[in-house]
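Read through the structure below, which is laid out as structure tokens, and then see the notes.
Note that the chains take the letters A, B, C and D in the order they are written out, and that residue 1 is the start of every chain.
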């Protein structure tokens, strides 16, 4: 063991990034490369009567103009890396290019490949599309009513409905001392990663379409192959270091378009979306309307919780049913409630489609239930921390689905520690009023168990004692690949700088699954740990033979085998040489399987749905300008049970980044859709926090070591952005006495809540 | 190329002569004509700062600078400044403080920080936050970026 | 150096290019038009890997000045197949195992194409004579000759 | 195919000649921070981009007795770095600090910000409060236009097609008390939701002179004439200030858009006016 686990380590990729040497998707070029562009629908709802591409095709320098009729299988099934057909309505239709009806503004209608980007752009303007505008439907509740405008052709607008019941909520509410009701709304938001969607594809001499792309899911090679109608092994995806993902690069972006253009032209092709295109047409976070009723006794014990959740799926199914499943299971939050009734529904509209975004359906209900908890505490005159002490789940508690949580739950400790660290309120002169807010959150790491998730990794020692790792993990900036290096360095007793990793290539690295669902440290970390330990075992048993001692007395450290209680050292290279000489395998490839379950009865969801949860809390201090409604976040404390911080720098990076990511959600971010038209088309209308808006985030990491990841680690990527939004709105309440139930809490919204009409 | 406009400039210490379109941005020119890729394109309209370069020593957003207006000027990108002690110190500090995540904002962020620290010897955290406020980062929440920058500033005192 | 404008028909399409007086056809094809079928093997006309057809006749692109092809018709190996349908010679090379490392193949096929266009049913000796400027280091030529002859015979029988 | 030309004359005479000759479609460029986004959004389709960046005549800040002259090509960061501006036009200095972001401030020029005529132009508000005058030139000659009559609509000004802003002038009166406040939805890179600039002189406890300007609450940056009129001759009691806020809220003519509603902008205009007056007087309020 080299003792690198738990040490703050610079990531292996950090230097190249700090020097500007990393070749991101758009930084890559090939000789003879063409540029692809997408023609996008000008209407959110319309019928395509005809498309005339002749003028565009005639433009010198244009090599291909493609429409739906040129796509071998224009309609397939949306997958996001799963190797299992889950069925049960989870997998929706994936359409490459608009056909029949246009469903959202910005939907891809045609593709162009040309010798320069400008020619491609000009060609787009020469494509004549005759649309018949249709009325469309833009509100999910309206879309769910009988007789509503049908977004698709024959399918219902309602994609999925779930229900979770436990006990008798209505009956319990009748006996509750206090009942809190509220309707909470959260908006469309954009991931706003700084690197827009991009890729370069080419055809190789084996007839394989290679796609080098910024993605979270290289397993989309199967989806691309399905669209082209070619075998899976004729499409290869190489994931680049992504300039951020946050769920927005979980669905297919440029991949199928590039594949089609390369197949048509035989030439390499690049496609990079403009920021406007990105905001207009990649997935958004689901807006929700959440109607909550919480009943409690005078002593603060919650006796019933009812919630009705409606999400806007936008124009295509994508991941909406999965996201909704997270919302339903997380709807009660980390509270033990005997009587629960959760209904959840996701509905198609003619808005931009919605899909994964950091938090994946868990953070929307978190805003609702943590607002309710705060209100309950106020109503009962109980301290907000005390109400959580009374109601939080602990190991062995029964969750809403009837599953008894079987791992350590650091609640309400995380909230207490966060609140304690915040200390006394700052004093500020009028017109500012200061308030403090706390909220807790739970979110799973690892995929829904009925997806039967797996990951693989390959570890090989070289003759000189250096180590090569191959693992198909896409690295989107969270330190995904660096933590694998650290695990290998630990197990094989070598320096981090002696471990080299190849990631994210469907042809050459073992498939490791998606960089989504906060699963890579858990899944690929465990696969890598398994491979490294197998190899370690082999090396140690050879060393034991060479040293004439039992292998359980041996350890690997600093490139040597060391014997417990002795000063003898056997250089690792000698062991490797001996193994090689005998024809022993100097590599190991391992697979890690998450626990599996079957798809539950969706009308009565029961059982364990996720492998485990990460629990955390935020305590924040805000100042509200009582004359303008402007909220400033003065301080944030983030406290999480991280299980084990493999690399504390990376873990803190997730907590700090997650807090600011959703501080934006709380205060300023909203993709404004006006009857399907995006009114915030660029980063000067869609505002995310700048360095001048972000306070320092204080991180407290508890390490109870009871996570399912390597060395007891839990996942942090998504859970880190949970609970900050309700902590902020609870703090606003504390400051000025108004409860903001609709995000973002813009100055105008806060002021109107305070003053009514202006 | 009848619409080309001839420019001569210095890029990362080298003399360059080129023809640019009237509306070609400095960023496009650097990336496509000179294949200098450390300046990134994140928004195309001056909203994010990933395209930051130094123009006659001043940090600017190269996606909203005309390539033609760089005629006669000195352009530096991060890759042309790897030997500047301040840049090196910042790079090392960003690496050791964990201020680099996806890395897409990093070249621009480091250039802005370097140019600010050149002029300001003892900035507060708030000063640094304001100085970097034209460069967006979506991963880190900025704290470690401020930490890393401040650590270098302290060393330079 | 001043550039001259040339116009040619390349693989069936008209193209206008500005070229320097000393620029070689091979470089123009490979570096500027990204047609990398014609290979650089020796640069002095000894190996034939760069063979293309100029006005139907095999020519060594490494010894041909680009300015000299103004007004002419050039076909490279990329221009042989029609869409997904290979030229019969290309099919025959595959069928007869006439492709090993593949570096001589484009030039070899272009030379053979010209031979068959000139003389649809050559004898084995005529084939060997015609392709002697195209060096192959892998196959020992036997399979290449039979591939070409198979096309000839098929043509005769048709 | 649509083509665009570029010219970067080295002398003002040459620039004005080109500007005069070009019939239409000429677009003057300085820092290009507005032109490039506009081109990208296809808001403009010029045939000639005329860069004035090389015109030395349009550069420099001169404080000459009682007048400060700022060349049109002065960048926002040059304003920030100027002692003359800080001393004689602190209000402009304050506005420059909140202008866009530090990188854009290295390119954006004061002339460009005014000529672009955004209703939210951050340099226009303090300059209106300072009673600034523009020196405008063309091949036909020169003229001066008070900034208060320069703007005619969003993106529109009284500039003729062949004219350039040469400089901005304003009196350097350090006696008057001034303040600028910008209210945006973010701390940097924010378009003003409302901005206010005031310049006041108090004599014998009464307002003897008042200039009030607002940004982002009308089709153009605007002078608050009615608010000024209300203030002059008054003693600034809490009641008067309250009334002044309401006068301002009524006087502005904002719209509702994706960032805020009309009524909110009216409210904020009043709030900011009150704050700006207090800030200008530095707590010397009755």
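As a working rule, a contact is a pair of C-beta atoms (placed from the backbone, for glycine too) under 8 Å apart; a residue touches a chain by one contact, two chains touch by 3 or more.
Please read all numbers here as calculations on a predicted model, not as lab measurements.
Chains that touch both chain B and chain C: A. Note on interfaces A-B and B-D: more C-beta pairs are in contact across A-B.
With each centre defined as the average position of its C-alpha atoms, the distance from chain B to chain D rounds to 28 Å. Chain C and chain D, compared by their mean Cα positions, are separated by 68 Å.
One inter-chain figure worth recording: chain A and chain D are separated by 44 Å, centre to centre, where each centre is the mean of the chain's CA atoms.
Looking at chain D, one finds that residues 101, 187-189 touch two or more other chains. Counting only residues that touch two or more partner chains, chain B has 44-47, 130, 132-135. Under the contact definition stated at the top, not a single residue of chain C touches 2 or more other chains. Contacting chain pairs in the structure are A-B, A-C, A-D, B-D. By the touch criterion given at the top, residues 1, 101, 183, 185-191, 258-261, 263-264, 266-268, 271 of chain D touch chain A in their complex.
Remark: chain C residues 31, 33-34, 36 touch chain A in the complex. Residues of chain A touching chain B in their complex: 8, 10-11, 13-24, 26-27, 29, 191-196, 241-246, 272, 274-276, 476-479, 649-650, 652-653, 656-661, 682-684, 688-692, 694, 696-697. Those residues of chain A that touch chain C in the shared complex are 31-32, 267.
Residues 3-6, 8, 29, 31-33, 35-37, 39-41, 48-49, 51, 53, 77, 100-104, 106-107, 187-189 of chain D touch chain B in their complex.
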